[in-house]
Amino acid sequence: MKNTFGSNLCLTIFGESHGRAVGAVLDGMAAGCPVDEAFLARCMDARRARGDGLSTARVEADAIQILSGVREGRTTGTPITLMIENQNTRSGDYARTAALLRPGHADYTAYAKYHGFQDARGGGHFSGRITAGLVAGGGIVLAALEQAGIQISTHIRRCAGVEDIPFAQDDPAALAAQLAQLKQKTEGFALLDGAAEEPMKAAIRAAGSEGDSVGGILETAILGLPAGVGEPFFDSVESVLAHMAFSIPAVKGIEFGAGFGFADLRGSQANDPFRVDEVGRITTATNQNAGINGGITNGMPVLFRTVVKPTPSIYKEQQTVDYPARENATLSIHGRHDPCIVPRAAIVQSCAAALAIGDFLCARYGEGWMTLPHTFFQEEG
Amino acid sequence: MKNTFGSNLCLTIFGESHGRAVGAVLDGMAAGCPVDEAFLARCMDARRARGDGLSTARVEADAIQILSGVREGRTTGTPITLMIENQNTRSGDYARTAALLRPGHADYTAYAKYHGFQDARGGGHFSGRITAGLVAGGGIVLAALEQAGIQISTHIRRCAGVEDIPFAQDDPAALAAQLAQLKQKTEGFALLDGAAEEPMKAAIRAAGSEGDSVGGILETAILGLPAGVGEPFFDSVESVLAHMAFSIPAVKGIEFGAGFGFADLRGSQANDPFRVDEVGRITTATNQNAGINGGITNGMPVLFRTVVKPTPSIYKEQQTVDYPARENATLSIHGRHDPCIVPRAAIVQSCAAALAIGDFLCARYGEGWMTLPHTFFQEEG
Amino acid sequence: MKNTFGSNLCLTIFGESHGRAVGAVLDGMAAGCPVDEAFLARCMDARRARGDGLSTARVEADAIQILSGVREGRTTGTPITLMIENQNTRSGDYARTAALLRPGHADYTAYAKYHGFQDARGGGHFSGRITAGLVAGGGIVLAALEQAGIQISTHIRRCAGVEDIPFAQDDPAALAAQLAQLKQKTEGFALLDGAAEEPMKAAIRAAGSEGDSVGGILETAILGLPAGVGEPFFDSVESVLAHMAFSIPAVKGIEFGAGFGFADLRGSQANDPFRVDEVGRITTATNQNAGINGGITNGMPVLFRTVVKPTPSIYKEQQTVDYPARENATLSIHGRHDPCIVPRAAIVQSCAAALAIGDFLCARYGEGWMTLPHTFFQEEG
Amino acid sequence: MKNTFGSNLCLTIFGESHGRAVGAVLDGMAAGCPVDEAFLARCMDARRARGDGLSTARVEADAIQILSGVREGRTTGTPITLMIENQNTRSGDYARTAALLRPGHADYTAYAKYHGFQDARGGGHFSGRITAGLVAGGGIVLAALEQAGIQISTHIRRCAGVEDIPFAQDDPAALAAQLAQLKQKTEGFALLDGAAEEPMKAAIRAAGSEGDSVGGILETAILGLPAGVGEPFFDSVESVLAHMAFSIPAVKGIEFGAGFGFADLRGSQANDPFRVDEVGRITTATNQNAGINGGITNGMPVLFRTVVKPTPSIYKEQQTVDYPARENATLSIHGRHDPCIVPRAAIVQSCAAALAIGDFLCARYGEGWMTLPHTFFQEEG
């Protein structure tokens, strides 16, 4: 399916960095869901570059034009087409070094797959800019989930060597408070620890000023999912969330709950004891399995972390190959690049997760889950 | 799609731990591929329990019965049905504790999804035993890949606190030698470091003797893949391999190449410089990106590690819930369980990866890739 | 997807005519649905040959063995594997003429696709026998639909030049009575006009006695579907029912409602006027559009007819090609063949339609539609 | 998948009749295929209304804007987004009768599915206008097929009671000449018999002048397909072509080759004898099976006919229901409508078939079939 994700709720993304537009078609939304363009604009704004030494100097308004599927502020039930025109393109920057493969980037693999016909300007279809369509479409689902009482939020767990406070994995109430806190923080980085922001920014700027870049770790929480969502094997909740997460450029790893830490735990430490809470609901005393047992949700929060590698486009001189000449060469990249994409990727990861979860809910509750009464999922859980 | 994986090369798995049979239907194999039943038997043997204090005392021959799709030792091109009858089932062990949810297991989520109609005996469809079908079907693909010059192998990178030698990520020749070494090791654990085997076994047995279990990390290498395989976004090679890896019960994390280590690297360290080798091929000097740039293979080895959590079924007393009574309870599991499934899961991960790669090759080269001349993929790369 | 049908409710079929077994895996049934083996046996019996001069002398009991997914007479929610072992195979009949391509059959196309590795015995995977798996799996869905108040039934509209009474397309009550009548007719052909049966049988026997075969037309009705099922374009109800119907070997045409007759109607004759009935429901005064407008059901009965070509395997001498020799030749078929498969195909068409409708209901109402209260779909309509 | 068709070569369509734009995303084209905008414009022109009493007075230029996936006249290998802005919309015509369900149209089913949130203006997403995206995307595939030596063409077999000369089903050379003739006919209706055009137009105008509409039959031929394409059961060539054909609004039946005529043939008449031709190729002496045996192509031309019902929007007064009031009412439609859409639908059917065939070729030959040498498919056949 290449550029389409989902079976029942499907997103198809399109566009190239320096082409006419990027965007997406979202198909499978029930009719009648509110589409809050101001909310979508805030999502787009969260992934927008600011040209502040923390992200690329290519700054665009990224206004979403809705070509179909929405009328009078509500979904019509048919495909929603979202177009974001490219404005601030300076392809000349790339032309100078077009023959030289940028290490860590998809320049060479694009040649191998597309035989030179790819639109290489600004990374073309491999550019992080393509995630604008993912945010536009995923943002609509994110809002529908929120209306259903299911919240998805992502913070920067670690970046440029600076740590944030971890999500309260084992404590749904504390986690809910953290999500509320992130929601209120409309400026700056998605961090729980306000004291981490300046040191993190400083560390990113420091790397950027050396012509280098840094990576980091994003942590996402999904709160309010009922138990019983997902499939035992190939469509386990982990499988589908991971599938989606690795669609985000630069993600190279994902772990759920205790994650790689499980390697050094014993079963008696790793198992989450079941408990009956005061209202007769089944919960777990800990949540190392991140709300998923046997691929299926158990009603506890779903939590995962991804690692985002350092932006491959750096200004430092690098060894590489002149592709047409097939000889070794030295590359100094010009153009405008982010010293770190981790902060901008947070909203992308939330939107990606929303699409995956939305598709699961379609499978379980049918195409109309977005219109179920507000309390439905809470009662199900 | 629930229990089916793949778009062009598809595996559908079925069965329950204590039902009549487990198995799989593999559809999409080209006609005329040799099916070496002795090789399949060795794959099945590698995931087989041995009742030696290292794995469950439930020991079965796991003979594969081929119901369709193979004639005179070759694929016919139509669906291959593989059935493994269950023999050594002792459901009585489970009946005693059927009301009690086993922590870390899918008992509760199965109730949430299947409302009590699930076959709960021995974990039913959630049992690791279902991976027998995955190995049976994936083994056929593994052999087809090997004939095409593409090798997939998995070793135990870490288990019960004992480490093996890592795969030689940056050096394809050294890695090929490691794969050859693993191939020759037909007995015991899949380890590169012979000296690690006894300490690892001892540590597993120690945990088992305490009624506990341990987890670990598996590392898989894919060698010989040409450049240009995969898709930029949703069907990135990482996405599909991760989707498949999380289908394996107990896997809770995956990382490619430098993986979570990328969080603390700078771009100048993380980028793999391109080089032209002596025969004019483009390679990379290092391989931290694990042979994948922008979701597409670059011809270098693909490498990933998964974390396998400790077996949830332990003999130690645990806190849990009596599901019908909806009250807190104490559980002491009987039955037969593995103190560690990591060693048995190695072949499962190789077979899972083979299915994912086989499907990618169908998309790129058509349904007949298995019958392309032996040298085709090497020349493509 | 080759041998798998459906997105949410999926059937995978397997087997060869003279192999060990044929069968199917049905995935996506909700847990807790009753599986009435006696009903399934009746479905299988309806497509069974009888060796009575009307169908092939290859007579088999076709007992279904359930390998997984059903426990204590109810679905568990996980894949249901249905195996029917082949018993009465006489491959020798085919060996004599194996080099000669049977006209109208898939012998040549199998060579073109499978390069000689196909299992050619008895038509292999192209045999009508493979529909046994379709009936086994589809029968389970047919029963689930019936429990939900949705009835599917097929009769022989025309065969060997003899006509049956048409379904009462425009009158749901009369149609319901016809379906009840067909249900009670457990012996002989699926006909509304009892007086047509003997002439039809005589005409089939006459063709058979001349070493020839005949075709016919099947008519299927789906009663009780609520309005609002289906999709506007690619997954129109007609699209998916047709996709499924053409999976049945020998089907070469399908038409809905007035069908090809629409070519000679005017819009004023073809449009079905909407009416409000006595209980305030919207119906149509006529039903030439067969319950489907714009690809979506309108609550009126869905009706379609397929044409089934005459069985290609005939005893009359035919002109053909010796494939290995690549020269023209003359063929006289031996073996056991049906002079007409239309009567046996009726249940196949009902089961096929059930699978398509079941998948649509999953998309609309979620995986649990089979467990919705009996009156749900009536109220929806 | 709702509005997406295809597994490897995928088209997603979007838009509403009176919304901002209609269009499509075509994903899966190999890189480097020429995109001839003049050819696409001719395809669009062939489905364009002319306001000449034969089609609706809503006349639009239907210029295709390519938003992504094409650079310097060639495909880049990534998704191709095609947008056609709506210009000549007069929603006011509809507002007057918005409460009244148009018989034969999707007004009621849209209510049932979308609960009143659908964009009802001009039929919204159910309008024939949405096929503009299908033609834009399918046209690109049509051109790629033609470059590969595979031709698809559709003529009006019958319309308003006037017949055209049938395609020369049994004679590939004569059929090729017919296709060449149609290709040269760039003006007026797609007819082989020039003498039929004026009577056909007169009959359409006559119906239109009475405020009525007429239907007809389209016939499509696919020439140059190699043998061996398609799958035995669910993805038979008939299944997938039919699936696609029923996506076209107003299509209510499809038949291949002898089609419904098979009901009255005997096997000895229906079977196409195999023959070896002068260059050693296997062909059939007749072609009643329309180039498909067992769901798979045999190298002979593929032929099918669809019936297109009379346009449901007619000016004659009709009985219907006032939906909000739930009471019977009388409807007189205003707005601009085609008295017959058959002539405009011919190119839609060719483009739809091209998409289906293109997807099959991806499955068989991989994503790069469009770039195989010109003679490849001829040699395969």
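A, B, C and D are the chain letters, set down in written order, and residue numbers restart from 1 in every chain.
Note that a contact is a pair of C-beta atoms (placed from the backbone, for glycine too) under 8 Å apart; a residue touches a chain by one contact, two chains touch by 3 or more.
For clarity, every value in this text was computed on a predicted model and none was experimentally measured.
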{"item": "Chain labels contacting chain B and also chain D", "value": "A, C"}
{"item": "Most widely separated chain from chain C, with each centre as the mean of CA atoms", "value": "A"}
{"item": "Pair joined by the larger number of C-beta contacts - A-B, A-C", "value": "A-B"}
{"item": "Chain pair equivalent in interface to B-D, over half of contacts matched, among B-C, A-C or C-D", "value": "A-C"}
{"item": "Rounded Å distance, chain A centre to chain B centre (Cα mean)", "value": "27"}
{"item": "Chain centre separation (chain A, chain D; CA means) in Å", "value": "39"}
{"item": "Separation of mean Cα positions, chain C and chain A [Å, integer]", "value": "45"}
{"item": "Contacts with 2+ other chains: residues of chain D", "value": "1-4, 7, 13, 78, 113, 125, 232"}
{"item": "Partner chain C, residues of chain D touching it in the complex", "value": "1-5, 7, 13, 101, 103-110, 112-113, 125-126, 130, 158-159, 161, 207, 212-217, 226-236, 238-240, 242-247, 249, 251-276, 280, 282, 284-285, 289-290, 292-299, 307-314, 316, 318-321, 323, 326-328"}
{"item": "Of all residues in chain D, those that touch chain A in their complex", "value": "1-4, 7, 10, 12-16, 19-23, 25, 27-28, 31-32, 65-69, 71, 74-81, 83, 113-119, 124-125"}
{"item": "Residues of chain C that touch chain A when the two form their complex", "value": "7-8, 78, 232, 362-369"}
